[in-house]
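Paired with chain B in one complex and with chain C in the other, chain A is shared by the two complexes that follow.
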Partner chain A sequence: MSSQALFSSLVLIALLPLLSALVATVIPASHRWITPLASSLLLALASILSLLLSISQWNEPTLVWEKTWFTLGESTVTAGILLNNTTLVLLSVVTFISFMVHLFSIGYMAGDKGEQRYYSILGFFTFAMLGLVLADNLLLLFVFWELVGFSSYMLIGHWREKDAATAAAKKAFIINRIADLGFIIALLIIWGHTGSFSLTSFNFEEQEAWRTGAALCLLLAVMGKSAQLPFFNWLSSAMEGPTPVSALIHAATMVVAGVFLLIRVFPLFTPLALDVVVIIGSSTAVLGALAALHQFDFKKILAYSTISQLGLLVAAVGTGAYGVALLHLLTHAFFKAGLFLGAGAVIHSLHQAQHSSHVHFDVQDIRNLGGLRKEMPITFFCFSICAAALAGLPLFSGFQSKDAILVSVFSWSGDQVWRQAFAWTIVITSVLTIFYTVRMLWFVFFEEAKKTALLTIQEVPTIMRIPLVLLSLGSLWWMVAFHPLDFSGWLLDSIQPNQEHNLFITWLSLISIPTLTVLAFLWFKYRKKPTTLGFLQEGYYLDYLNSLLVTKPILAMSTVSERIDKKGLDGIIHGFAYLTVGLAHLLAWVDKNIVDGLVDASGRLAKGFGSIARSFSGGQIQSYIFWSVFALVISLFWFLFY
Partner chain B sequence: MSLQSIYILSALLFSIGLVIVLVKRNAILVLMGIELMLNAANLNLIAFNKTVPASLDGQVFALFVMVIAVCETAVGLAIILQVYRHYHTSVPDEINELKG
Partner chain C sequence: MHEYLLSLLIFLPLIGALIVLVLPAGTFYGRSIALLIALLQGLVFIFILAAYDTSLTGLQLAERARWISLAMGTWGEVRADYFVALDGLSLPLVGLSVFIFIIATISSWKVEKSRKGYFALLLVLNAAVMGTFCAQDFLLFYLFFEFMLLPMFFLIGIWGGARREYASIKFFLYTLLGSILILIVMIALLLSTKSSNDTGTVVHSFSITDMTNSANILSQSVLDPQRGLELFGISVRVWAFIFLFIGFGIKLPMVPLHTWLPDAHVEAPTAISVLLAALLLKIGGYGLLRITYPLFPDAAMQLSWLVALFGVISIIYGALAAMASKDLKRLIAYSSVSHMGFVLLGVASVTTEGAAGAVYQMVSHGVISAMLFLLVGVLYDRTHDRMIENYSGLSSKMPVYFSYTLLAFFASLGLPGFSGFMAEVMVFLGAFKSNGVNGLIHESFAIVATLGLVLGAAYYLWTLQRMFFGKYHFKSSTENTSLVDLDQREILMLLPLALITIAFGIFPQLLLNFINPFADSFTETVLQTGKAIQAIIRP
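Let's turn to the complex of A and B:
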């Protein structure tokens, strides 16, 4: 394929979701039934195009198209597209998952009054993420980064009449904005030292302090976007949005953007910065897994599971194995999208059932569910496959990618004790993952039906089953490699070849993971009573901590500054105003009495003279005589004495 | 009786006459003021004549003045009468058609 045709098709892929957004906006409300179909069709086209492109361009040399974007004084900023294997993987994943979500939404969002807005933002979200994936420089990437944040804000707050949804949307947006400060600082540092934003010009010879600084600032942005410690609480609140949106945010767009950025700027990271990355990632992983184990909200379990898995991804990048991170990103995208859509299917059919039988309870609370495997066999089957991939059972894609992560973490740790501690944190996370996955499956599908027994539940419609089946197929081992136990397949060999293998770890997990799964099943089957810790259920009281450490001081500060403003600044301004008014009064007085007074006085003078002169000819004979006599006397005196 | 006291008397008479002419509102009183002034002049004429005893010019002048004063008074009274008929007043201040 010629370079020009390649460029055009890349732009086309990015613009198709935008076109879908436009179409969803312009279709009149009377024909709104077209919207989901048209959007899904456009996304299907984008997905097929990117798959074909990925197959044809796989392992080709890196391609860059650049054009001058704008010039500032002497320096020129370029913008363009960077195409390599990483781009291709993300391109296919994003368009495919987005297509699946669109398909699923046809059923899930049917009859929603904001349906058109939903599809237009969904398309825009996909477009923003594709732009982010294709961008060849950090500034352009930052623009799309912000657009991704904006569209996730719109989607999380889709049901804007719900207070919780708008609050969650604001929370997601604000936390991301705070973290994005890091991105801006990093941009400034990088521009200051290299004079370029280009992602392809990252080849550094020496260890420089500024690189650590820039890398840590970028890490801050990633921590916000990918919900790492201490910014992860927005992700669990984001569950207020429609479930397909959660699938998109967790699998393919929003949170993946952070990890993608880490992979893109990997050459920038110094060993010191990478160590910080591992620490952040592994702590988030274990804390997320612990919290997931204590949630009762169906979607929040999945949310904390995403946080934990993202921690694994970040930790994998930190160990230097960015290819492994990309591999887990791919597998995670499939099984997490499958899990969320499965959860969405359960919620959707329960809502429908509630609607027809007029029994109402919280369908997202897993304590109310149970026994759904008989009523919803297909959903159960697909959900179990994705859950197995999440738990990391052999023959599923999760096994291979997690095996790769464990191997890379242990090869990174070597003999250093503190590093080994963090490596073991990852192992603990994997064990906890098995437990919370089994707990979720047990509560929702296996346990005897509780409140759901009152309902007549039906399987979801076919249009929602198709994405579930496709995504569960994508969660099988062949996504990674033909050998079900080997992680170095088509992807890893092309992104970061020659990954170390550790047969001990592979065999150990091959034996221990199924054993632990069975143990977990038995534990949940024979346990007495569900126990939970409020500390973990509330996500480490991070919200409370936020309000204590951030919101309250800021509120107090704003009260104080309001007072300063009112008393101090307003006082000064009022003082100035009074001074001005006083001065004006003074000037008015001067004007009235002195300036006007002079004019008046001259007038009065003239009038006085006039009246004197007039009095001589007043028509009064006696005054004529008086003046004549007066004049006579004067002249008499004159003649007599001079 | 010295001449000086006569001068003073005549000056007083003249002044009183003048003040009456200037101050009094009624035209008849004004006419009377004029008579006083004329008589003051007569007094002066006679007093000055005393310094030149050989001549009688002054005394003759005084006789003329008296005659003319009578005529004047007659004319004046006639005018006042006419004015009164015309304007129904004998106060000169109220007749101000010439006022500019």
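Let's turn to the complex of A and C:
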């Protein structure tokens, strides 16, 4: 394909979802039934195009198209597309999962008040996500990075009348915004020291401290977007949004944007920064898994599981195995989207059943569910495949990608004790993953029906089954390699070939994971009562800490600043004003009583003198004579004595 | 025709004002004439754009005529010219003014109270704003600058809300104080500079171009750096810089000189709020870039950190105060304080990015704040209530209104794709780079300023959550029939603003074409002249 044609088709792929968003906005409400179909069709087109393009462009040399975006003085900022294997993987994953979610939404969102708005933002999200994947420089990437955050805000808060949903939307946006300060500062450092926003070369001229600083700032942004410690509480609240949205944005695509960014700017990271990456990733992984084990909300289990898996991805990049991270990103996208859509199918059919039977209970609380494997066999089957992939059972894609992560983590740790501690954290996470997966499966599908027994439950319609089946097919081993136990396949060999193998780890996993799965089943079958720790159920009280350490101080500061304004600054101004007015009154008084008084006094004085003088010319002859004599006497004295 | 374009722009509204005054009172002609004049100005501006050459640096479309010329014997001659011209700083702001005046006229369409006076004053204000941005002679600039006060005082004081008199007097006094400081410096400058092209006698010219050239400083004058006159241990030149900084800082407004702004905004009628936020505040930033920095670059290099500090304080403090506001209009007024802080920070960096970002931010804030104040006006027209807590769930009742509000809020909080983001990024880039390039301000200023982005997101999203989401409810009454969605006139005002902020957000080069030459020459002039003068002071 010629370069120009390739460029055009990439732009077309990115614009198709935007077109879908436009279509959903302009279709009149009377024809709203067209919206889901048109949107899904456009996404199908985008997905097929991406797949074809990816196959034809696979392993071709990296291509860059760029044009001047704007100039600032001497420097030029470009905008363009960077195409390599990583881009192709993400391009296909995003369009495919988005297409699946669109299909699923046809059933799930049918009859929703804001259906058109939903599709338009879903389309916009897909566009923004594709832009993020294609962007050839950091500034452009950041533009789309924020736009996906905006779409996430709109979709989490899709049900605007639900207070919990709008609060969760706000929380997600603001927490991400805090983390994004890291992105902005990284942009500043990179621009200030290299004079460009390039994604591939970082010419820091021996200024390692700034380089590490930039890397750590970017890591901060990644920790927000990819829900790492200590920012992950937004993701569990984000579950207030529609479930297909959780599948697309909060499992398969947007949250992995952080990991994608790490892979893109991998050359920026110094060894020190990479160590921090591993520490953050592995801690998040184990904490997420622990919390997942203590949730009762169906979607929150999946949310914490996502947090934990994202931790694995981040840790994998930190060990230097960014190819492995991309591999797990791919497998995780499929099985986690499948799990979320499976959960959505359960929620949807239970809601439908509740409508017809007028029995109401929280359908997301797994303690109310049970026995659904009989009523919803297809959902159960697909869900189980995806769950097996999540737990890492052999023959499923998760086995290979997790094996790859374990191998890379242990090869990173070497003999250093502290590194081995973090490597073992990953192992513990894998074990915990098996347990919470089995626990979820057990409660929802296996245990005897509880409140669900009151309902007549039907399997979801075909349009919702198709994505489930396709995603579960994508969770099988052949997604990674033909050999079910080998992680070196089409993807890893092209992205980061020659990954070390460790047969000991592979064989140990092969034996221990199925064993642990069986043990877990037995544990949940024969345990007495479900126990949980509030500390873990509440997600380490991060919400509480948030409000204590961030929200409340800021609100207090804002009240103080308002008071300074009203009492302090305006007080001074008013003080001045009163002083001036007071002074003016004083002057007026002085004017009236003293100045005017003086004038009056001088007037009176003049009057007095006048009356004296006047009295000289009173017209009386006696006084004339008296004054004449008086004057004469005085002049006589004068002449005589001087 | 080129020679008279700018005069046409300035005097058209004055002619319009005369016509409005001559017309009988009580008719609707006033508003039509005001709109016609505004549209004609739009036409003139298109001609200006066509005649303007973006590849050139410096002033273009200049018009110069002898205005005042006083022979003062041996001391020389005092000369002020009618000198108007445009460069990369003036042109975007003139364009913004033309555009905003059209919008403001449409927004005033339903003014009932003494229409004739209102539209006459609006036109006078129009002329004064255009004049301020075009004038290249300090006296002329000062004249227009002062002349803006008069119509503004009456527009707030007569057509305003409940506490309009308080607000208008506060506005007037604050601004007057600033003007006096500027006046003092202007006189000192007149005494200390001469014109470049004088023959024989010394010509004391008010031309800003002449004043900018450090070769024109008269030796042994008040502001002569070699003489090194000091007042309270601080150089007179530094005092002059501080006076100008405060004078324009009040207009900007910068914390802690900002308290006139929330009151003026809350009391002003919608169209006047729009003009105030979109145009009048920009004169503060314009003054910094046109006068304060180029005329006293040596002091600027000493005190840039202080300017940046006030910028950062304004950003953070404005955002915090916005968060505590219960009145929607007050919230937006404080957000203006916060956003104008970026202008200070950008100017203080004296880098191409920072200066370009400052101008960009002025234009961007002009458009976005106009949109925000119009939106508040829409709500106030319907319910006469601006208290955030009295509303809930408006998005279901007024979906179109909600969409525009959403757009305006996200534009204002700096979402990429809108002009505000571009401006803020440029300012940050400049402020961060400054330490490495010219050593004026430390990197930490930029880093602390980024906190403003989080606070901005917080107060806007919180407002959205409180007013627009949840179940619909207005005060305690269950149903309010007056809450209807936007009408066509309102969309006519809001849509162009929305499109412009998006266009400038995606294609920054549209504006940077004009700004870049200015930003380059500004940075170069300030740094070079500043260093040259500092070398004189401390050889």
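Everything below uses one rule, namely that the second predicted complex is superposed on the first by the 565 of 642 C-alpha atoms of A that agree within 3 Å, B and C clash if a C-alpha of one lies under 4 Å from a C-alpha of the other, contacts with A are read in each partner's own complex, and residues count from 1 in each chain.
Throughout what follows, a residue touches a chain if its C-beta (ideal position, glycine included) is under 8 Å from a C-beta of that chain, and two chains touch if they have at least 3 such contacts.
Worth saying up front: this structure is predicted, and the values here are computed from it rather than measured.
**Q** With the two structures laid over each other on chain A, which partner does A:593 touch: chain B (first), chain C (second), both, or neither?
**A** neither
**Q** After superposition on the shared chain, which partner residues are touched by A:629: those of chain B (first), chain C (second), both, or neither?
**A** A:629: touches chain B, not chain C.
**Q** With both complexes overlaid on chain A, does A:356 touch chain B (first), chain C (second), both or neither?
**A** A:356: touches no partner chain.
**Q** Contacts for A:620 in the overlay, against chain B (first) and chain C (second): which applies, first, second, both or neither?
**A** first
**Q** Quick check on the superposed pair: does A:565 touch chain B, chain C, both, or neither? Answer first, second, both or neither.
**A** In the superposition, A:565 touches chain C alone.
**Q** After lining up the shared chain so the two structures overlap, which partner does A:177 touch, if you call chain B first and chain C second: first, second, both or neither?
**A** The second partner, chain C, only.
**Q** Hey, is it chain B or chain C that touches more of chain A?
**A** C
**Q** Spell out the part of chain B that touches chain A in their complex, as residue ranges.
**A** So the residues of chain B in touch with chain A come to 18, 21-23, 30, 92-93, 96-100.
**Q** Quick one: which bits of chain A touch chain C in the complex? Just the residue numbers, please.
**A** Contact set of chain A toward chain C: 68-74, 139, 142-144, 146-147, 150, 153, 157, 160-161, 163, 166-167, 169-170, 173-174, 177-178, 180-181, 184-185, 187-189, 191-193, 554-555, 557-562, 565, 569-570, 573, 577.
**Q** Could you pull out which chain C residues touch chain A in their complex?
**A** 170, 173, 256, 259, 262, 317, 320-325, 351-353, 356, 393, 395-396, 410, 415-417, 421, 425-426, 428-429, 432-433, 436, 443, 446-447, 450-451, 453-455, 457-458, 461-462, 464-465, 468-471, 507-509, 512, 516, 519-520, 523
**Q** Inside the complex, what are the residues of chain A that reach chain B?
**A** 614, 617-622, 625-626, 629
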